[in-house]
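Listed below are the structures to be examined.
One chain, subunit A, links the two complexes that follow: it is found with subunit B in the first and with subunit C in the second.
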Partner chain A sequence: MREITVDDLPDMARGAAVLGTGGGGDPYIGRLLAQQSIRRNGPVTLVDADEVPDDAVVIPTAFMGAPTVMLEKLPAGTELTAALRALENLIGRRATHTVSIEAGGLNSMIPFSAAAELGLPLVDADGMGRAFPELQMLLPTLGGVSATPMALADERGNNVSLRTLDNSWAERFARSATIEMGCSAAVSLYVLTGRQLKDLMVHGTITLCRRIGAAIREAHERHADPVAAAAGELGGRTVFQGKLVDVRRTTEGGFARGHAVLDGLGTDLGGRMDVSFQNENLVAERDGTVVASVPDLICVLDTDTGEPVTTETLRYGLRVSVVVAPCDPRWRTPEGLALAGPGYFGYDHAYVPV
Partner chain B sequence: MLRLGIDVGGTNTDAVLIDGNRVLAATKAPTSPDVTTGIVTAIAGLKQAAEFDPAAVAAVMIGTTHFINALVEGDRLAPTAAIRFGLPATSALPPLVDWPDRLRTAIGEHSHLCHGGHEYDGSRIADFDEREFRAVLERAVEAGARSFALSSVFSPVNAEFEQRAAEIIAEELPGRPISLSHEIGRMGLLGRENATVINAALRELAEHVAAGLTRTVAEAGISAPLFLSQNDGTLMDVDYARRYPVATFASGPTNSMRGAAFLSRQADCAVMDVGGTTTDVGILQNGFPREASTDVSVAGVQTNFRMPDVLSVGIGGGSHVTHEGGPRVGPKSVGSRLTERALVFGGDQLTATDLAVAAGLADIGDRDRVAHLGKDLVRAGLDHIAERMAEVVDRMRISPDPVPVVAVGGGSILVPDRLAGASRVDRPEHYAVANAIGAAIAEVGGEVDRVFSVQPGRRDAVLDEARQEAVDRTVAAGARPGSVRVVDIEEVPLAYLPGNATRVRVKAVGELSLGDSLGELGDNDA
Partner chain C sequence: MREITVDDLPDMARGAAVLGTGGGGDPYIGRLLAQQSIRRNGPVTLVDADEVPDDAVVIPTAFMGAPTVMLEKLPAGTELTAALRALENLIGRRATHTVSIEAGGLNSMIPFSAAAELGLPLVDADGMGRAFPELQMLLPTLGGVSATPMALADERGNNVSLRTLDNSWAERFARSATIEMGCSAAVSLYVLTGRQLKDLMVHGTITLCRRIGAAIREAHERHADPVAAAAGELGGRTVFQGKLVDVRRTTEGGFARGHAVLDGLGTDLGGRMDVSFQNENLVAERDGTVVASVPDLICVLDTDTGEPVTTETLRYGLRVSVVVAPCDPRWRTPEGLALAGPGYFGYDHAYVPV
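Now for the complex of A and B:
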């Protein structure tokens, strides 16, 4: 158990963007929200998953919608509390803890705001160990936990509750409601017991964000290699260093898909890497051979600064390194791969673990 | 047709007189605290260097760091009310939310929220509440606000709230400066709003500086119109500059790169500026600097300005040279103390400049003081410098084809005539006044940056629409119709939005419309 102050947030946000693997939304707005809530209400207590009692009522909080909209129509600040309270009313119990469903990107920071506003302890864990585009792509789905009852809330005071057949239906209805709410909504879902949290979530990912962010900053400050520092904290490795020579994008079913082509530099001179993405980076191929694919992590980092590069900011001429890291082992099971493996995203190659 | 280019930097005020493609005269004078005295001295210097009739000057272009310096110093800023339309949304992060305390205090901490703004699809978040806005306005004025920054959610899509509020202020407080976010920034509320507040805080100073510049130029006997250079290397007239001082912020590096490229007659090249401690490399495409992809923080305030993409390496004329095992050059440097510390000036530190003198590449200081250096050491040191410089150019290049390199700056003697990855290396004359030249050759620009709904099969039509709008804006900004060309198109589909929402950004430029003789402004692209 430890206290998180506003001074911890910049490193965490940077690390969260690395785990975002190109997507997950820019944590900058999330960091500011957390910062404002902590300044008003005091530090947030971060507890280890092991410290949570088995009968605890853990209610995750998150934002759902289009990241670009969230940079424009900023939250009112009341939505998160409204969503969590609405879900408490649905289940007839009070939350004892909140937690992140997605450690990659914006949603790593959002629960800090909820925890500070509601005075709840935040658990150092998340449901993915990275970022994914759809709400059923959570390890608790594999463990049989229902995403619903679920509550969505907007800044106007609307709230919508869902009870669905399964978690894929929850994604479909929630997406429609989010569009009506202006493409940005606060959500509360996947009510967990303390026992389920311990068994089904990825432990320690919030402090991992902080370690990754700090490692990049410190390496950059002492002119060491920030990309290697990030790879070290992720337990991964750098597979390519190059220059972005082409980015192609299309929009399919509301998702920004595309791929980026890198020409090698330094020791990778003469080589070529192709990174395909759908919001997040999904597949990395070197000279036509798959070297990494979803659900493993494919992180594109600025070679000089180590700062993570999101798929929306990929631009011709950027000098970047590609770091790959293993996902949580449960994603590598047949059930995990069916939920979030290359096949789900429309790729016909088999999963190649990094 | 004569053009006068002036660069008012923190230390020096440079002036150049240009006729078509020829630099007739160039001078440097110290920058004065009032700005104008330095300009008077610089113009007088030009008159001495080249006889010219002030009445024959067709246009005066000024680049200045004055406004960005005022922000960095937190000085001479107007008390500014930041008023945002977005309630009931956005209240978690009110205006000025992430500003450094010092600057927030300097502009008076007037942060206000009103109902309004739009959703991504153009529908209203809330209706305009006139009574609410008038009450906010009254409070702001009572608290001492003199300049007004208005922002509204999704105003790049629909600006009606900002416009309506501006009408009310103009009616209630005639003559007070008003800055509207949709005219200043791009998508991304906080960055756009911050740029707008900065602009508003600089409006009183801009009024003062614009009046001073106009008077100074008139007193020098020049009746030609006066322009200021903008961040993207294009021009604004002095009246526009009164209203949009923030648009001058990044003009320094942009003018310097464009000036260097003009001097060597290149529109697509790498510009390598070798100073005392570092070498900075930028890329010019279509005559304009390639922009950095990341948002830029100015004086601790997050904005969504785009700045030129520049890569630096720690090698310059004053770099320390050591040779244990192999040669090492930099990153340590004697910096501005070259004339005390370098061997050729009687110092005791072996520097990159000493190597250049020993190899006969330059004739500065006392050559005899480096006569003892071994030929091998000198050669190895210079080869090492060339390798490191080639590496930077290679990393900036955007295609495998070699690029022309334009080398400028006091340390450019270190750049070899043949550089790996460079098709040629130019070392133009007059590079010391590249900033002023960049100002003098600038053109007029216009830009569109908006979210469009792209229905299947309609992509080309949407791009044409955006292209036309950028061209129209360029003409409206003072370009000669027919000379306008699109220099940059960027298309980014947005995730999770229905209707294939795509952010489209188009930038166009054209020659300044001042009569027929200005046709030659575009010659540098030939």
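Now for the complex of A and C:
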């Protein structure tokens, strides 16, 4: 158990955006939201998953939507509390803890904001060990936990609650409600007991985010290689360096979808690389051959600074490096691959682990 | 207060489909649903609006969606109870009565099914005095009643609840949830006190439906003019007789939209008539001149039998008559016209009362 102040946030947001593999929302906006809530309400208590009592009522908070839209349609700050309170009313119990459902610049910071506003301890964990675009893609889904009852809230005061047959139906209803809310919404879902949290979530994510974020910053400050530093913390490797020469991106079906074309610098990390994304980076191909795909992590970083580049901020001319890293081993099981492997996203190639 | 048995249903369903002005769902399916519920649970008690205590908890039930789809995707029968129970849970109170939100072949019969299944008395009233395509188009909206909390349920067991800023937002969220449910959903909404019911709903609709339905049947049986009989009961007039020569219809945005072209028989009820619809008939034009428009009633009836023709069953070759009739006077106020007049539906002509 330790206190998190605003000084801890920049490294955490940077590291979270690396784990976010291009998605999970903008780290700058996430950091500002968390910062504002902590300044107003005091530091957030971060607790290890192992410290959470088995009968705790853990209620995650997040933003859902298209990151392309969230860049311009900023949260009002009241939606998160509204979503969590609505879910508490549905279940007739109060949250004892909150937690992040995914690592990502915005969605790792959002629970800090909720924790500060509501006076709840935040658990050092997340539901994916990365970010994924659809809400059923959570390790607790593999463990049989229902995403619903679930509540969505917007900045106007609208509120939608769901109880669905399964977590894929929850994604469908929540996505269409999010679209009506203007392509971004605060959500609260996947009520977990402390026991479920310990058994089914990824432990230590927030701490890992800070470590990654700090490693990048320190390497950059001492003129070392920040991309290599990030790869080291991730247990991954750099597979490409080059320039972004084309990006196609549309906001459709409530997602930011598209692909980026990178032109290699002629080193052994060169060639042409194509990165396809749906909020998050899904597949990286070099000269038509798959180098890495979901559920493994494909992280696009600024070559000079090591700063993670989210899919909504990809633009012509950026000098970037691509780092790939292994996902949580539970994603590599047949059930994990069925939920979030390349086949689910419509790719016909088999999953080849990084 | 009187008991309604299955023998009362055919006339009621027919008359309701006349008031439904082409929408409100298929009368045959509505009748079958009500019939099955009454056979299983016994007759339904119909009470006058004036008999309802001021502090009664009146919860309307209906189906929402595109009638084109409802023709093929039949209700399972469990959705209605699920929607009403979900709404009761949201408000923490039990319904004492149910009522129809709109006249229409399906949506006048649905509350009979709900009343029989749940053992509730049904109030002889509705919220429009006709059918309209969007859920905010209810007289209680003009009286300041909120459509939400609202619950939607489908035949699979999915459940969506709404609390929205206003009734137009309720329509948006409910429509997109209905689309995800396959373009038809059971809904429960507009919780009313007995006092609000008495002040804001249209009284005597169910009785009127039966009277219209019986007048048509009896005129047809004695080889009199069933269309004239319907017009007489509606306080309206026949403006056209002819043959349906073209119909364009798409299911889009969760609605059945389109228009029908009628070719006149050369009498003083002749010429060419165009009828545009969005679930319900919206505007009737003869040779380019508006004859009638929302919020007034435009009813397309089979010329021989007087049977109402819903917009999803319009087809080439039908011999039809068009009857127009005045709407409830509250729809003719500036507020009523803003909610459901021709301007709302994108027509630039002024409203000319029938």
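Going forward, the second predicted complex is superposed on the first by the 338 of 354 C-alpha atoms of A that agree within 3 Å, B and C clash if a C-alpha of one lies under 4 Å from a C-alpha of the other, contacts with A are read in each partner's own complex, and residues count from 1 in each chain.
By definition in this document, a residue touches a chain if its C-beta (ideal position, glycine included) is under 8 Å from a C-beta of that chain, and two chains touch if they have at least 3 such contacts.
Nothing here was measured: the structure is a model prediction, and the numbers come from that model.
> After lining up the shared chain so the two structures overlap, which partner does A:73 touch, if you call subunit B first and subunit C second: first, second, both or neither?
first
> First (subunit B), second (subunit C), both or neither: which does A:169 touch?
In the superposed model, A:169 contacts subunit C only, not subunit B.
> Which partner does A:323 contact after superposing on A: first (subunit B), second (subunit C), both, neither?
In the superposition, A:323 touches no partner, neither subunit B nor subunit C.
> Touching A:34 in the superposition: subunit B (first), subunit C (second), both, neither?
Touch status of A:34: no partner.
> Quick check for you: in the superposed arrangement, does A:156 touch first (subunit B), second (subunit C), both or neither?
Once the two structures are laid over each other on A, A:156 reaches both partners.
> By residue count, which of the two partners contacts subunit A more extensively, subunit B or subunit C?
Looking at subunit B versus subunit C, the one contacting more residues of subunit A is B.
> Examine A:275 and indicate which partner it touches, taking first as subunit B and second as subunit C; both and neither are also allowed.
neither
> Check whether A:186 is in contact with subunit B, with subunit C, with both or with neither, and answer first, second, both or neither.
neither
> Check whether A:263 is in contact with subunit B, with subunit C, with both or with neither, and answer first, second, both or neither.
In the superposition, A:263 touches subunit B alone.
> State whether A:65 touches subunit B only (first), subunit C only (second), both chains, or neither.
A:65 sits against subunit B, while subunit C stays out of touch.
> Which parts of subunit A are touched by subunit B and by subunit C alike?
Overlap of subunit B and subunit C footprints on subunit A: residues 156-157, 179.
> Taking the complex as given, what residues does subunit C use to touch subunit A?
86, 156-165, 169, 172-173, 176-177, 179-180
> Looking at the complex, which residues from subunit A come into contact with subunit B?
It is residues 23, 28-29, 32-33, 36, 65-69, 71-78, 113, 133, 155-157, 175, 179, 182-183, 243, 245, 249-251, 254-256, 258, 263, 265, 279, 304, 307, 309, 312-313, 315-319 of subunit A that touch subunit B.
> In the complex of these two chains, what residues of subunit B are touching subunit A?
86-93, 97-98, 117, 119-120, 125, 153-154, 187-190, 283, 290, 293-294, 302, 309, 311, 394-400, 451, 454, 491-498, 500-503
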